[in-house]
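Look at the two complexes coming up: subunit A is in both, with subunit B in one and subunit C in the other.
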Partner chain A sequence: MTEQAQFTIRVDQNKYLPVGGSEVHAIVTVEATGPLETVAQHAQAAEVIIIDTSTSMATERIGEARKAAMAAIDTLRDGVHFAIIAGTTKATMVYPSRKEMATMNAETRQAAKNAVSGLIADGGTAIGTWLRLAADLFDPYQGAVRHAILLTDGHNQHESAAQLDAALAYCQGKFVCDCRGVGTGWEVAELRKIASTLLGTVQDIPDAKDLEADFRAMAQQAMGKAVADVALRIWTPQTAKIRFVKQVSPTLEDLTGRRVDSGPQSGDYPTGAWGREVREYHVCIEVTPGGIGQEMRAGWVKLVQPDTGMQLAAGNILATWTDDPAQSTRINPRVAHYTGQAELANLIQEGLQAHREHDFATATARLGRARRLAEESGNEATAKLLDRVLDYDRATGTVRLKPHIDRASEIALDVGSVRTVRTRRDPDQG
Partner chain B sequence: MAAICPVCSLEGLPGERFCEECGTPLGATLCASCGAGAVDADGYCGRCGVRQPTGRDHAEIELTAGAVRVAGVSDRGLRHSHNEDAMALTVTAVPAGPYAAVPAGTGDPVAGPAAWQGGRDAFPPPAAGRTPGGAGHAIVGVVCDGVSTSPRPEEASQTAADTAAAVLAERLAAGADAVAATYQAVAAAAGAVAALADSPFDAPACTLVSAVVDPRHVTVGWVGDSRAYWLSGPGSALLTQDDAGPGHVLTAWLGADAGEVVPHVRSFAPEGPGVVLVCSDGLWNYYPDPLALAQAVPDAAADPLAAARTLVDLALQAGGRDNITVLVIPFTGRR
Partner chain C sequence: MPICPSGHDSGSADYCDVCGLAITGGQAPATVAGPAHSATVAAAPPAAVAPSPASGPAVPQGASGQEVCPEPGCGTPRAGRFCEVCGYDFATGTPGFGPVNTDFGPPPTSSPPGGYGPHTGGYPPPGYGPPPGAPYPPSGYGPPPGHAPYPGAPTPPGPGTAAPAPHGYGTAAHPGYGHPSGQPIGPHGAPPPGPGPATGMPPGAPPGAPYTGWHVVVAADRQYFDSVIAQGGPDAATIVFPPYCPERVIPLVGGQVRIGRRSRSRGLHPEIDLSGPPEDPGVSHLHAILVAQPDGSWALVDPGSANGTKINDAPDPIATNVPVPLSDGDRIYVGAWTVIVLRKG
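Moving on to the complex of A and B:
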């Protein structure tokens, strides 16, 4: 097949450092283009849907969860390997009944929907065991786009944190998992840890009626992935140190600790599967200062498929030393923008933490600053979420926490805090 | 032949071209900065990342035209990571031409601006008042300064210098008048630089100054703020007039975003010997005064290369903020 996904890497930075300067910042934009839909059509894909069937789901939720699972099943194309798992204190195969994947066709599609319609909510919650089963089901499909949907409504009460960590370590790199929390009885931090480790997203679904549309959208997105298991490979000079590698768009995700060494001076940061999308990364490297006028390649960023060794795109992060302050003090607007978005997320996290500890002065200060920053940076979605927990007087800049903050608003703000906006102004014009 | 890998120090087996351990090409150029890493195809060290000096960081040319030597030196300077200046220097045999500029005839030992012929308003150059020139050598020198705020300025300057020098040499060898040849050369250079642009918003740009020194005349052409000087004792003079507004802002340049390029072209016939100095602003920002330049290199006619080096060194000692390019072309009047 001649049609291939194409990737481009663009580096935005001010390469000029003052004499003795050692910290290099760059925003690396990775974009997947080309006939991705066609490529995705022919890509091997495997999908596992995990439905929490603990007792707490035994309301209208289980009915909505059944409908949502069926919508996802209807969205998967023929030929896709798939399985449905029901989760309680243990993981149970819903479809197929044996611990293996079925292949989607008219017959298996109907059989799977029949099986899902019989789901009953009765039991506890041990998410780690559900994920382990999913990992084992994916095992034969290395190289395929491997994606799971995890739905839960409660926290992981029948498993220790250590057990969940061990399960996550077992699953890491084996599949991408998008996590959905329905209602308000689940822990954002817990699902975020799972999604983050498994390179997926977290979304709160306060009303179970919205599950169906969300599951359909997730399945569609999974079907749009064209290239699996892509990593950002970063080469650095021998004496350099990578301070951090963060995904900054569409959401914030610190990848620094995910590094897997791939050579004497290079490491890989996994990014999962790619469809038609743009992601941006903030890379910070500390280098040994050079002489005035000297240029250094501070980082060589490549997009690779580590399994095949194929290089998809590459770009340079540079450093040049100058004694001209006009050059060295200029901050690249995109670096500034995403530094601001990261600060916004931090302020929200700190504000929510302070609120949980009943330190309302700190909560008001942090969330108030976040509100102003959200407005300044054009992050309207986050500004709206903040307005659910505080009253903000635009004219005076005064901020007051709402007397009663409901749990759904707190969850929505917590979940939404990692979502960033891309620069409003087209950086090419600036 | 066995070689030690410059990156991981593993000793290769005889005949191996790449390191078994890390894949580094064996026998590759070692880094000029850390001395231990291999330099990759992009010019960066695979160990310390430092970009290697290129041939353009410091370049020297010396040619002979009959009994006369001519020279050029171009240097990156101390503050820039790339040399975005470019120079070209060629010598071509010219037939006895139909025209030569009229000597100033004023008795001045050096023909100053009053004696200039041609110019923006005089194209095509007037035939009247010009006398046939003699056969001999013509020396062609071109200096171009890439505009730092444009993309790929070093490509613009090299393309412009190479194109202008080639057209000048070719036209002069065919018997063309130096003024007409200069107009043609600048037009060709402008076209070549404009063609480098992907769009008007991505337009590499540069300045250009050319000098043609033939047995009787000195002809200069320019666009932008690179300069030509006539150095001859007290009669030393600036031959060009910068296309620049207040605050050193360029008002004319070569590039796809420059609109129609109309060069200034001026020609004169010196009455006595002297030296034509062609340079970028990396020199004249520190030494704008013709007399000071002449005094700095009193023996320029005898040893142009030494003079060019001296002037570049002076600019470096003064701070070397910009790229520096200097061509020294003696005019003897007897070639």
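Moving on to the complex of A and C:
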């Protein structure tokens, strides 16, 4: 039993509440450790690569997409179940030709690469149909690490938003999907919705030449996943209410609405598959205030595999009522940090929205404030993205929007806005 | 099977499976409904800290020693201060208002000036610190958990009457709650000196937390607005002074009062909510926090709002994350036009 992934849960909070206080905040850090690479080697895995072959791809993009898909195929290890889908207004099997998964070996690897090399860009874009086919392909592989790569270059124009929503509802929980937008003709909000629902990431690839490296990295990461279908299970006291559950690192993702009741007073929040990684969650629970000196478990956070019922780790979110303001007014530094990171993302979203509406005054104000906040919180990546759209005078703290903001910079900032940094100092101070 | 201080059977031995309360070793939860309970009755005389069943509402117990709701036909096991089913108030013995804390204002026996008010959540376990009905020393700091109730703690002086408060809020002796014991209210029924219910509590106080004797008046200030616009921020040209902005009075309740704009997505519901209408566009979601001080006064902290916070006539915003002590009548300026005036009493 040594060949097992291990998980740890750490809870950072100030458990002290003032008399009458009812709102408990905590940052829950979940870390996967142990011989994950060995475990991942032997894990069952299924991978679907979805390539947009709409007409707009018919530039150098389709060539780069072919190369990228081949790189991903080369990265998948033998024994992995896999399939390649071409997407237009409908979804077409590229490899294998029947609607099923192939098992990776030297022969299927070569055959798949041959099939990919014949991809032609001609058609429209209906992403929902692509995702539905992928979900059906994954169906026989419950329990395996199920991962899809979705590449598109345009927005979902041959399908209504309602159709996409219905497809997402159909696919939710069936696989994890990382989305990649190549060029500047795609909608960040659309891909973000897909990636959020399917617990994956969004990345902008402005230059198609970078696709190959990115696909290889994604496939590598998928091969590094050791444990599939992990959920955060949160128990709360009888009279308590969960205000929100948000993933705050590595990216911001609100999971509050994703709750699935898993028992009396407890609910599961899906987190997808895990490799060697650390993720952090901000949990806010409203409890019935207790008396001075009383201690309460406001939340019991467990990492579980809902299918098997296996518990991987657990931690306590506590509440203690005190009449000592020195204790109750102290804000836990990690809670403060991630509240700030959420505000940063919010300011960027508001600023970009204002910019789209040509309200440049508001855009300047919001993005300028975001720039200062990014610097203060040590989020250099976001600060850099902001510097692509505005000029920042550090000495005076003033900002000015760049007279011309190109679409690629706007997309990069939008995509990057949900990425957070972890607190710099290790806060082991209780 | 472990039993928690509220009387639930719990599968886990550290915290209750039902209500989350810490389960401490060596306690006899079966005694929950006994003497310790009676001390939560606000009007009980100090002697009631000692066993005195007559001074508290008669609370029945289930066969297992678990406290159950005494309302006819109810009998629900106790989970907190109020019955989960009929809303019976275990602390005062009041039947079914529904599960709403109707306990406005500080109980006269427990709050020295600047101290903290009643125990709002229920859960009076034995062996914890003094139940909230018990007097605290004027410092407002409680004894450590596990301490016996203070036997000789000072009681606030008072005229010795329990006149109903002029505003009709339940105050001194929870008028209208009825005390089954029929005890005279005695000296403890008197309002505490200084700010208290008798001086009037602004309307709109949310239930469930102690009122501190302070409130704020929120209004739109034309002069401040003009000065903001004159400074000409990037948004300045697009902001107009609200033609209609009624004054609002908000009581300061609890240890921290947040000033900001509510955000559902971020779970922020500041007590002083400036999201209107009219919404002050210059206010951050979490703009500033009023923090109760040990001496009963208030301080203001700006955790890093976008546009800063000014106090009175100071030309510069206050420093980020540095508490600034306030006194009665101080004006807090936030956003584009909002002035928040701190008032005592």
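As a convention for this text, the second predicted complex is superposed on the first by the 426 of 430 C-alpha atoms of A that agree within 3 Å, B and C clash if a C-alpha of one lies under 4 Å from a C-alpha of the other, contacts with A are read in each partner's own complex, and residues count from 1 in each chain.
Operating definition for what follows: contacts are C-beta pairs under 8 Å (C-beta built on N, C-alpha and C of every residue); 3 or more make two chains touch, one makes a residue touch a chain.
Predicted model, so just to flag it, every value in this text is computed and none were measured.
In the three-chain model built by superposing on subunit A, subunit B clashes with subunit C. For subunit A, the partner with contacts to more residues, out of subunit B and subunit C, is C.
In the overlay built on the shared chain, the residue A:Arg77 is in contact with neither subunit B nor subunit C.
Legend: residue contacts after superposition of the two complexes on their common chain; A:Asp254 is shown touching subunit C, with no touch to subunit B. Of the two partner chains placed around the shared chain by superposition, subunit B and subunit C are both touched by A:Met296.
When the shared chain is aligned, subunit B comes close enough to touch A:Gly263, but subunit C does not. Touch criterion met: A:Gln238 reaches subunit B and subunit C at once. Touch criterion met: A:Thr322 reaches subunit B and subunit C at once.
Steric collision with subunit C, judged by C-alpha atoms after aligning on chain A, is confined to one stretch of subunit B among 207-215, 261-269 or 315-323, namely 315-323.
With the contact threshold set out at the top, residues 236-240, 265, 287-288, 290, 292-298, 300, 316, 322-324 of subunit A are in contact with subunit B in one structure and with subunit C in the other.
Interface residues of subunit C facing subunit A in the complex, by the touch rule stated above, are 14-16, 18-22, 79-81, 84, 115-117, 119-125, 128-129, 131-132, 136, 140-142, 144-147, 208-210, 233-238, 253-256, 263, 265-267, 284-286, 291-294, 303-304, 306.
Taken together, the subunit A residues at the contact with subunit B in this complex read 236-240, 263-265, 287-288, 290, 292-298, 300, 316, 320, 322-324. Considering their complex, residues 18-22, 236-240, 243-244, 254, 256, 265, 284, 287-298, 300, 316, 319, 321-326, 328-329, 331, 336, 339-340, 342-343, 346-347, 359, 361-362, 364-365, 368-369, 373, 376 of subunit A touch subunit C. Residues 7-8, 22, 33-34, 37, 42, 44-51, 76-82 of subunit B touch subunit A in their complex.
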